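For reference, chains read A, B, C and D in written order, and residue numbers begin at 1 within each chain.
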Amino acid sequence: MIIKLKNSTTESQKQQLVNWAENQGVSVCTVIGNVDTLLGFIGDTSHIDIEQLEAMEIVDAVKRIQAPYKKANRSFHPEDTVITVGDVQIGSGKPVIIAGPCSVESEEQICNIAKEVKKAGAQILRGGAFKPRTSPYAFQGLRKDGITLLLEAKKETGLPIVTEIMDISQLSLFDDIDMIQVGARNMQNFELLKELGKINKPILLKRGLSSTLEELLMSAEYIMSGGNEQVILCERGIRTFERATRNTLDLSAVPVLKSLSHLPVIVDPSHATGKANLVAPMSRAAIAAGADGLIIEVHNNPEMALCDGQQSLTPAAFAELKQSLDKVAAALC
Amino acid sequence: MIIKLKNSTTESQKQQLVNWAENQGVSVCTVIGNVDTLLGFIGDTSHIDIEQLEAMEIVDAVKRIQAPYKKANRSFHPEDTVITVGDVQIGSGKPVIIAGPCSVESEEQICNIAKEVKKAGAQILRGGAFKPRTSPYAFQGLRKDGITLLLEAKKETGLPIVTEIMDISQLSLFDDIDMIQVGARNMQNFELLKELGKINKPILLKRGLSSTLEELLMSAEYIMSGGNEQVILCERGIRTFERATRNTLDLSAVPVLKSLSHLPVIVDPSHATGKANLVAPMSRAAIAAGADGLIIEVHNNPEMALCDGQQSLTPAAFAELKQSLDKVAAALC
Amino acid sequence: MIIKLKNSTTESQKQQLVNWAENQGVSVCTVIGNVDTLLGFIGDTSHIDIEQLEAMEIVDAVKRIQAPYKKANRSFHPEDTVITVGDVQIGSGKPVIIAGPCSVESEEQICNIAKEVKKAGAQILRGGAFKPRTSPYAFQGLRKDGITLLLEAKKETGLPIVTEIMDISQLSLFDDIDMIQVGARNMQNFELLKELGKINKPILLKRGLSSTLEELLMSAEYIMSGGNEQVILCERGIRTFERATRNTLDLSAVPVLKSLSHLPVIVDPSHATGKANLVAPMSRAAIAAGADGLIIEVHNNPEMALCDGQQSLTPAAFAELKQSLDKVAAALC
Amino acid sequence: MIIKLKNSTTESQKQQLVNWAENQGVSVCTVIGNVDTLLGFIGDTSHIDIEQLEAMEIVDAVKRIQAPYKKANRSFHPEDTVITVGDVQIGSGKPVIIAGPCSVESEEQICNIAKEVKKAGAQILRGGAFKPRTSPYAFQGLRKDGITLLLEAKKETGLPIVTEIMDISQLSLFDDIDMIQVGARNMQNFELLKELGKINKPILLKRGLSSTLEELLMSAEYIMSGGNEQVILCERGIRTFERATRNTLDLSAVPVLKSLSHLPVIVDPSHATGKANLVAPMSRAAIAAGADGLIIEVHNNPEMALCDGQQSLTPAAFAELKQSLDKVAAALC
């Protein structure tokens, strides 16, 4: 961390800052140029509050050099982390496909889709029980009953389950769930992250709509610093000015996250684009960009196709996509 | 709500959609042009899921005409809502100034600042006990002890207190707090909003970093639809590409929100700009834009000015600002 | 185009608007619901100014149904357009690779790189003669001399040339250039677009940093409506809050543009990411997303590697990338 | 400028970089810590290309300390610049109001509005002759004839004129125009900026839709470095995800620009918000934020109010606004 002091800084003010830094356990080297004075903070600066530092009246500018995350940092953990969900390994080099409906609606629905996506090659089943909805008047999910139905589908198909948690108070319901999803709107629900750091279960952490990749890694760090190092990162689109897609899928996030961190990175093309016809090309692109997996929405109600999600694939379209994904993955080897 | 059907829609598909809509309690009028078929949904469409509608295979485009919020909607409640916090009225036409430190640090600190800001004309005391921090290694606030100290400052000065909640489990600690703040990162923590809808206490709801004004009003609607209609909206800057300020303060939010809703709107220039030297001009601008109040960070440790927040004012600067705000407010009458 | 009138609209005001529309050559159908009155404008509405319409005091909301571009619109031109640059076909199904240095620096430099990229499989040579630079104090390109050197490299290698124009006054220098690039900052330089509409030469039109895909298509329409229909669209990253990459590469633009328009779409991973180590994964992702080609920066000065562009590949890295791109392209067939 | 070298840097590579820097006229101080090596570049670094530096293989990170603009920089020119347009002074402490229609439509129209806005207190007349329009099918302005009509209105009222240029080739038409506007889409039309640097006439430079404030100052620098130091900066809204307003008016730009630069700063609330009912509150806010002036759209066709701009005020509304602006300006003294 390099700190440029204002020209008006007195010697005693500078000494006060040096003392402050040394009290926080870093050593300080001072560089006095012919115009500027710079301080270099050396050592572990991850607990130094850069905003507090920038706020000091004598500080002109601060440049962080070390990343502020440690457990998630590839520098300190060069090998790829592989995370086991049920009997599926994520991050091992072979892309993992997670599929299922937006919401769990009934036992028949979830079990049928589970069988369909399993047959097509999906390895993990997704499905929403607790649903974050912008409107209080919209369907909020089957909640506890949805969890029960997901476990039923797991029993029938053997597929491990991932589903979203929305509040700490729901945690006890997730005992038999294989991976807990933290949604984009909760990426910085720090109290929830802390609780998830205390359990021993994979966490699928989605990037917030306006979160930087560094902030995503800091949220992973919240979980990991609590002791649970099984975190899978998920790019799912960010909010920009463009309206042709629901969000803007930031696929550069895949190689950037994989260079900064050892954690697996998957992509959600369904929520990112919000349009079924974009799911296939963006899934192929995600795999080509190096993603460790995909999480894709698949529906299964031909008789009510009218009311299906604009971002969901039919099982047939999903099966076809799966085959082309295998080809793209093979082309990368 | 106007729905344009695709040209390929069959008569029976159209009828299926009409039935779906009527089952949801709206009446449908059909307009058959020489090329396009349009459906008009008439009645209360607030519970219709626009995304589900857009997702239907026969639907080309949807245009919502009614706002999706009801309790927060000025159309159904033309008079300004006035909310009472302690003995202070927010939304009555006279701007209310909320001031205090970023974090509660000690009894001496919070009580001293409380006295200073009261003397300068602040009517409500702010101070953080639970602190949302990007890094798990940063100071997380005094938490429960911070609440105790805030209540101490209230006893000493008589100022009502506003402080932030981060999780439902903390709610019982807020019994004697006068107004509960929901921070930007929790604006769409829907489970928390639902709980706050069940209590009888003013809620200060901050806009999320990438939330639209409609989403802010929908989050207010979550609280109001639960029964608690005492919601104060707060613009605190949105995330954009600009880096000269921490966030981009969207002051147009003030007249826009006040035209769409009857709820009071206040502005946080400290978090929006992140720079003390911008707080005064942007505070004056917020009042001139019609804000019902401001929430301003003020610190009070001259002996350690070194480590003060870059966005906090000294009590002296705050007192001076308060005087100029009074002049701007008077100019608007 | 559907127009919702305000409830306060009088019959005579409505009639005035109907007349206004009919004078512009569209027919109007009126739908009077029990609350709302809607007007449908039928016919070619591409010349109707939606903002003017929204501005009318009696208009509550406008919903455009037809896209505002015609010549670029796939609806009116369902087959893919193939554009010939020199002897290279863009849009024919096989991805075309354009490569070369950021700036033309010397005859030796440009001719050497041209040979290297040709050997590695590039089909078109890029190189900047006129350079748009944020700072007036930065190198502005060799300008006219740069064009001469590019033509020299063309003579030596036979590769067609694409290079950027910055102002109409430079146009006469581009007579022997095979494709003219319009840079992101000039995407809405409408006077320049009009001039390029009058010539008979392929135009590579880059998306502006904050331009929507519809605006990109409207800028293509400026060129095409002048008579020059040889437009190739280029996604090169948009400006967002994320700083891990220089811009955010919006790869969804590829399938979106190809569904809306018949024009070829290529991708510039070098400017989008600004980092050499991201060029290879994002190039593969672009091809997997369905791009018709790539434009990639390649440098060639090992003896001064010190000063090379952070976003440029070495010829060796480019050659390796070209091989993996061929594999990804083959996997899509 | 501080450069952090990668740990892998060899002594000879470091020396090569030092030589490169010294050749560019800066002196270099080297700081060798126990882990990191830092270089400090001392002297005028405005011509150093930071992106080129970041691109070097041995460079880990660069932190610029000096602003890259010189002529626009307040550090080197502490006093406010006052610019004279006709007989009006902008930047002298008293806000200047520029008003007029979006487009010049006829002699009667522009002369009538000119008289109305003059009577209401406007000091400069605006009106578009060359109109940048997203669609090639939309009205492109009266162009040369529009300039003639503006000069007619000037003759009748004595108001100085500001109008937009779109291309260098139009420059000769602007001889009798008092101030030339560069629109948001041309803020980085560098060839145009260079030409405007050669003339002796005030330039009103609007911020691009996705331009940072630093980029705006760099574009001002293009004009000023050519010799024309009469540049007035204009905030007119930036593009964000929010759709309640056409753009997001970034009023913090006013105090930020005025602290970084000595140039006058004005605000365009009409284009920023796109809605007439927001113009008055945001005009008052801009003045309260410290703006040196406003540029406001006013229309004047009561008989066709139907077709007026959604962002334009009537002359009566403008006159009323002008009075309230005077009160806000007085409150700041």
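Note that contacts are C-beta pairs under 8 Å (C-beta built on N, C-alpha and C of every residue); 3 or more make two chains touch, one makes a residue touch a chain.
Everything numeric in this text was worked out from a predicted model, so none of it was measured.
Shared contact partners of chain A and chain C comprise B, D. Taking the mean Cα position of each chain as its centre, D sits at the greatest distance from chain A. Annotation: C-D is the more contact-rich of the chain pairs C-D and B-C, by number of C-beta pairs in contact.
Averaging C-alpha coordinates per chain places the centre of chain B 39 Å away from that of chain C. Distance between chain C and chain D, defined via averaged C-alpha coordinates, is recorded as 26 Å. Residues of chain B in contact with at least two other chains: 210, 239-241. Residues of chain C that touch chain A in their complex: 210, 212-214, 238, 240-245, 248-256, 259-260, 272-273, 277-278, 281-282, 284-290, 324, 327-328, 330-332. The part of chain A that touches chain D in the complex is made up of residues 2, 4, 29, 31, 33-36, 38, 40, 42, 60-61, 63, 65, 239-241. Interface residues of chain C facing chain D in the complex, by the touch rule stated above, are 13, 16-17, 20, 46-47, 49, 51-52, 54-58, 68, 132-140, 166-170, 185-186, 188-192, 194, 208-210, 215, 218, 221-222, 225-226, 239, 274, 305-312.
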